[in-house]
Amino acid sequence: MSAESAPALLSVRDLRTWFFTDQGVAKAVDGVSFDVRAGETLGIVGESGCGKTVTSLSVLGLLPQPPARVMEGSSVRLRGEELIGSGERRMRALRGNEISMIFQEPMSSLNPVYKIGGQIAESLRLHRGMDRKAARAEAVRLLAEVGLSEPERRVDEYPHQLSGGMRQRVMIAMALSCEPSLLIADEPTTALDVTVQAQILELLAELRGKFGMAVLLITHDLGVVAEVCDRVVVMYAGQIVETGTVYDIFGEPAHPYTRGLLDSLPSVEDPGKRLDSIPGTVPNPIDWPTGCRFRARCPLATEGCELPQDLVELGEEGRTARCWRAPSLVATGAAT
Amino acid sequence: MRKVLILGVASLTAGCGGEGGQRTASNDPFCQAVLPAVEAFMAESRARNPTPDDPRYGGTLVIGSIGELADGMNAAISTDYSTTQHQQFVNLMTLIDYDPEGNARPYLAESWDVAPDGTEITFHLRRDVFWHDGEQTDAYDVAFTYETVTDPLTAYPNAAFWDNYVKGPNGVAVVDDFTVVIRLEPHAEFLDPFRSAAILPEHLLGDVPRDQLRVHPYGTQCPVGNGPFVFAEHRPQDRWLFEANPAFPDALGGRPFVDRYVYRIIPEQTTLLTELLTENIDVYISPGPDQAQTIIDNPNLELRSYPFRNYILVGWNSRRPQLADARVRRAITMGTNRAEIVEAILRGYGTVAHTGVPAFHFAHSPEALPRLRYDPERARALLDEAGWRDRDGDGVRESADGTRLSFSIKYNTGNQQRQDIAEIMQSQLAAIGVEAQPQVVEWATLLQQINTPELRDFDGVIIGWVAEFKVDDTDLFHSERIDQPYAWSGTQNPEIDRLLDAISITVDRSEATNLWLEYQRVLIEEQPYTYFYFPDRLDGVNRRVVDVVMDARGEWVNIKDWYLDPSSR
Amino acid sequence: MIDRSLPPLLSVRGLEKHFPLGQGMLGRAVRHVKAVDGVDFAIWRGETLGLVGESGCGKSTTGRAVLRLLEPTAGEVHYDGMDVRALDRESLRAFRRRAQFVFQDPFGSLNPRLSVGAMLEEVLEVHGLGGANRRDRAVELLELVGLRPEHIDRYPHEFSGGQRQRLGVARALSVEPEFLVLDEPVSALDVSVQAQVVNLLEDLQAELGLTYLFIAHDLALVEHVSDRVAVMYLGRIVEIADAANLYREPRHPYTRALLSAVPRPDPVGREQRERIVLQGDVPSAVDPPMGCPFHPRCPHPAKDDVCGSVRPLLEGDPGGHLAACHYQPSGVETST
Amino acid sequence: MTKYLARRLLGAIPLVIGIATIVFFAVNLAPGDPTLRFLAPGMNQEVIEQMRANFGLDQPMHIRYVKWLGAMLTGDFGYSFSHSRPVLAVLRDFVPNTLVLSAVALVVAFVLGVLLGTIQAVRQYSKVDSGLSVVLLFFYSMPSFWLALMLILTLSLFARNVWELPIWFPASGMVSTDYEFLSFGAQLRDRFMHLVLPTLSLALVLTAGIARYMRGSMLEVIRQDYIRTAHAKGLSERVVVFKHALRNALIPIITLVGLYIPVLFSGTVFIEYVFAWPGMGRTIYEAILTRDYPLVMAGSFFFAAMVVVANLIADVLYAIVDPRIRYE
Amino acid sequence: MSSDVGSLVVEHHQGTSRGGRLLSAILPGLPQLLAGRWGVGSAALLTWVGLLWIVVARPSRVASALGGAWDEQLAVGTLVVGLSTAWLWSWRDVAAAHEVKRVGVSVWELAVRAFSKNRTAVAGLLVIVGLYVIALLTPLVAPYDPAFQGDLLRERYVSASAAHPLGTDQFARDVLSRLLYGARISLLIGFVAVSISVTIGTLLGAIAGFLGGIVDGVIMRFVDMVISFPRLVLLITIIALFEPSIFLITAVLGLTLWPGTARIVRGEVLSLREREFVQAATALGFSKTRIILRHLIPNALGPVIVAATLGIGNTIVLEAGLSFLGLGVQPPTPSWGTMVADGRNVLLNAWWLSTFPGLAIVFTVLSFNLVGDGLRDALDPRLRS
């Protein structure tokens, strides 16, 4: 893949999205930077509460403000155009058109009181200016495209008449209706059974090839990341802790957190082997620890970790880790 | 969907009641048969008697009142005051009526003769009175009405009017089409029933079984009268609409001045007052004394006040040991400042009562009677004398055997003035060592408690009477009636019995006056009731209504002579 | 260790649980959801039986029906020689001291109004356990599941998901049972926390000699914790075997598809990986297909009319690898 | 659907009979009877007995109950004592008036409530939100007769006599006395003017409740995933709120139709009384006071039946708004 | 978002010195006010100053009340308790300001915190508490005996003056005093009626919801019946036909209100029954009674409390409505409803008679509704943002 040389489609710099609540300020996303290049699949992976979903919603400006606020200095550029502060009208023109999104819960992401055809057509009429008839025909075509049988009939059905997998296909059809250049998929398969997950992942891969769009995949499932992503961003406590290609991350994890995650999974080779868990719990976003935020749970923590950590470049371009010991960890190839 | 809903409502709104206009066709077969005849006769009469060219003719008069004309124009079943007024003066006619001094004068009956022995009255009817459907009003109608109201099957509530009359087939005889004879035992005020009971059309109601009269559509759906106003429409709980009767005899004044007369039912007094003030109604029947000032203050309105026929009293149950002694009852009366109460509660619109003989009555002469004026000192002395003293120092007197001079005063729910009286009495009687506890009871329950002879579950009760022109206390105080509903007080006084008997048969007024005075003296001594006051009747009237006469006879006495100031129409 | 020569601790035969659906004219149910539709299995003392399947296959209902949290519609449940379905109120209470349940949802399974201490002490009080020092016993239980004594006065909402799941375990253990039904005990938890709880469960099993029925949809996890594994599909067990056998040589086409659909956290060679993607969705349990319930989606090349008409029995080697398929790969003897 | 509705109607019969039975015994066990209304001096016991017989009250209560129930089931509600007419005729006079009043009030209350509730939800915790809350609650907290009197004094009396405004509303009745002589347009206007104060008094009280539910419902809906989906499509706030959120938020509100009908009917007792509106609420109140048993019972029956019908309407609306619901 | 929020909330009080204690000893609440805690501060200060004023301004009344009727003694008791509570609370609050307690925070406490952020609701609560306190203190506070009639000829319908701050009525009685005594009746009726209905409704609703089946069917059909009938008509029917005593009115109001509560509780219980902690209780062998009383009802109580708060307001309004129809509390006992209803005929010339009790009703009911709304928001996490 020639991903490296292509200019960034989406460029996020120092994104900070904070929530101002009664209890205090939750710094859900606290200085996140990454690029999505045209045509690639970038995975953002992390546990719940790490800020991955807030990141994706911030890109589209979909967070309710207040309590959320995208802090000054944050920057989100689409093909060089700054989106933060570009105004609601401009964002509306982009949403569902240039950038579209699918969500975790296919059960609840479709409006239960409208027919699915109408819901797909809505985007087409808004962004493509199609009339009712043309939009409907296009909706039928899109439903066929995402592999729904009998699209002519399905188009007049309500969401509750479809299974979870079918609904996620409808969501995908809706997201693709205006042929976006970027698709943000927020845990698109988490709520689905494995066999259906396999179907959806296959469909996404197929459509991505066909439409040539970039995909920003947000998930907590390391297996899914390993299956479909080109590059990976690992998040922890509102920050990126590691970036790299999917092979780097899984083959040679540089950050102790990434390693811990991988070690928590039951081993395929030795199913009976005792799991290595990460002790403790994710800290509270209102009160992140100072210094390395993973320090309290890190088996390798020593003196020096109480200092704030920056992302450290590790060799190739785009390979970074937020750990001052990462270079030496990678160098020794210490995979515990 | 939403559009349909709103349209549906709109059409409902527009649809109902849209019938408007003329006599509402009730779908009852009786009404279906009768109303076209009325329509035809009225059209014919209008053509025959065109409205005179006089600016006083025309316009719609609106009267507002809190109550429905209960039971409508069927004179044989109703007792309601406003209703009977409409029967007497609006839609129907009585044989005679009273002049302002209370003397009988001809109305439907042109003249009458009384047999020398006082056992027969012969009425000669007018020959120019027609029922509104064109039938002439004749002696058969009178006979029918008399038979109906005296028939027990009818259960006419005022059947007692006819106590001294002969009932059954011998009671009445039709001499010719316009002459009818009524037989009776000689007694005082024997003409009064013919003033109060309106004549009903025999040709329409003659076939109706008497016990079914109450549910007959005649009363509220299509009354056919012979009076100055023709029934046009009745919307229950909303309004009655009457129109001027073009066929009303010229000798009696001809057709009324107003074209239409609307009686509106508005149960809430504040609303009524607002409607009077905003000139949506012309007359507000009987506003409360507290509303009087507002009416006086409005230059367009006039407050009419005049002595009336009702009085308020506190009846004492002399069967109770605390109240058995007349001295105690007199003391209670003297311990109550009735003059102050009249001033305070009625704002001066009323007079203190000493007996139940009202101002319009020929025997009314309070100055000739001893009066129990407010005098707490004498009241205390009287109680002491009767053996009621405060023996334990709690402020309430006891008898020698320890009975406390404590009793309840009951009154019915929803009556502000009675509630006021009870509360003031409680406060004033406490000052003479008498404990009176106001107790409010729902109206029907209260009536049951006091009227049921076996029960008589009360000590004192505040109640009001509307007296007829013929005043008769027999039911209240005669010891023969002790087992009848109205013997509340349980009075058994041979002197009273004797006087009541004498009064009831004394026809001569000057002779009767003496008996009345004697009776009242005994009554004041006995004090079965503490008579409170005769409230004045109040009415709010818009000044655009001219020539209004209102007095003890009622509001509607000369409604046919009212006219609306032409400039206001 | 596990001694299969003894009679099993729990044996289940022909278990059915049907839920009424809607109401007919006279208030009688016309149709039923056949959530569990004839399930047989046995668990021996000290072992862990894993029960896997996709959502709606009836695995949770099975777990509940076994402990009579739901009254079974039909079938037999024998626990240590007792007929569980015949227990009266008193003996049922006694049974519940021996067999306990751990729930999936760490948020819904704890009474939000009771503090941890109150919750545990109540159980002890009801069963007359812990003597005068119930609070001490409660503290002990907390320590047993890896929580600290000072947690005793806290309320459920003050705990993280993993901690709450520990509380659920502590509550189940408070009556000192010998058998636990674990219903998706870790599926709501993050990966790293999952590993903690799984380790705890394994430690407790070793320490207290517990027997587990482990219900989950995560195949890798089930492989990790189970001695034997049963796979359910549409209210029936389609395959049951030793964990190692089942994962190495799945015999039922559904098991095979399921295993191949699991994304693996290893990107190396992902393009070459062969994956069986099933078509369509799981049919409705109201009206399950005739014959083999899996036949409408079955990719087996030999699928034929028999599959659509004859219900295959659970059969296989006497050694314990049983599958309900007319076309099992190795020539196996038919066991009645 | 039809079958479902038929079943619901059948199921409602015991409910309606039950209510009428409770009322029957409450009314009949109470002291006093309808003849007491005819208090007149000298009215003796015989007249009262005859009157009772004329009313059909001379039989023991249980026999009257059985007779009444039997007659009612055949559609015969008997004669009203106080109106001296068949009860059905009385109902025919009053029921439409009450229905007009309550239907208009219901529509006004719902339109206002839904609108204001939506505004409050969309602007949660803003000044508009809390301001509307307090204002609506203010009306909600008023005894309705008091509100009615205040409206009469301000919008009728003071508006005409004191402030001399060009528009003031009549304080009572359904139409003016000269209604028959008005043109059709003027008649419509006249009816409208007479409707304003009564419906406002009835509706303002309900509006607060509806707005409150609507706010809650809307708040829940706008947190739903499909609202986020709608935003993600690039739809404007207005479209998202009024197309995607409103219809979903209305679903739970529909239940209120059924719940508010009894409340509304309770309100009509006061409102019809104050505004002299010839309707059922006032009639049944007066019937209770005069112990007009047949009318009280029939009125209760009517109220109960209307509630049943309203609930059925709510069910039908439910099915229309929410495609997930199919009655079988 | 945060899994551990509850335990992190820590009381941040301004640490105070000896000066604070001294201040608190003289004027409880002032130190808190100075620290910017206007709510608790003003409440304590108002209580202190207000109650002290009674003692200073009406020493003889207080003294005679000590040996007076039970309601007078209750008033003195309230006075003493109120004074000491305000003083002690402030003292301890100041003294304990620097201590930070760190124990579990229950869901109730969380709700209290959420509630206390809602200013209008807190204001409503203060009004209600104030009303109940005043109602208890009435014998000490009211300028006149509510039944005392002045000079009927000169002091009737007197508008506001120094002697009668809210004027007099048709018997020259003091409207303010009657308003104060009326508060007792109205608040009592509301409170007792709602207590009756909440108790019955909660129990029956919980039983119906948890047991289901025939029990549920019977209870809920009855509930349907009562709920689908206009309540007022039922009330009128019963009250009009029997004697309208306070007891009857309260009982009938209470006995017709419970079906709503029962329905709410049943709904809650039905959803709670599916919650796993209830299944866990079954799995642990708990008896049905225990599950209902200890696990279901406490969790279903949130909406019940809301309904009860709103119900008190409703009941007060309804009692006023009954008074309007002449079926409310009967004179001379003053209830607000009776006062409004009685005064309405003189609205045009003695507006104060009906207006002040009317406003009292509106503001009281408004307060109850604000509190109810606040509680709803505080107890229902779905409505929080």
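A, B, C, D and E label the chains in the order they appear, each numbered from 1.
Keep in mind that, in the parts below, contacts are C-beta pairs under 8 Å (C-beta built on N, C-alpha and C of every residue); 3 or more make two chains touch, one makes a residue touch a chain.
Predicted model only: the values in this text are computed from it and were never measured.
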Identifier of the chain whose CA centre is least distant from the whole-structure CA centre: D
Centroid comparison with subunit C (C-alpha atoms), farthest chain: B
Most extensive contact between chains (C-beta pair count): B-D
Centroid spacing, where centroids are CA-atom means, of subunit A and subunit C in whole angstrom: 32
Intercentroid distance (Cα basis), subunit D paired with subunit A, Å: 54
Rounded Å distance between subunit B and subunit C, as computed from the means of their C-alpha atoms: 87
For subunit D, residues contacting two or more additional chains: 30-32, 149, 153, 273, 289, 291
Numbers and ranges of subunit A residues touching at least 2 other chains: 281-282
Multi-chain contact sites of subunit B, meaning residues that touch two or more partners: 270, 442, 445
Residues of subunit C defined as touching subunit E within the complex: 64, 67, 69, 92-93, 96-97, 100-101, 103-105, 108-113, 115-116, 122-123, 126-127, 153-155, 157-161, 168, 171-172, 175
Residue ranges of subunit B touching subunit E (in the complex, touch as defined): 269-270, 273, 288, 290-291, 293-294, 340-341, 343-345, 413-414, 416, 419-420, 423-424, 426-427, 438, 440-442, 445
Residues of subunit E defined as touching subunit C within the complex: 3-4, 6-7, 103-108, 110, 275-277, 279-287, 290, 294-295, 298-299
Touch list for subunit E against partner subunit D, complex: 120, 221, 224-225, 227-234, 236-238, 240-242, 313, 317, 320-321, 324-325, 337, 340-341, 344, 347-348, 354, 358, 361-366, 368-370, 373, 376, 380, 382-383, 385
Contact footprint of subunit E on subunit D as seen in their complex: 14-15, 18-19, 22-23, 26-27, 29-32, 124-125, 130, 133-134, 137-138, 140-146, 149, 153, 212, 216, 219-220, 223, 258-259, 261-263, 265-267, 269-270, 273, 281, 284-285, 288-289, 291, 296, 299-300, 303-304, 307-308, 311
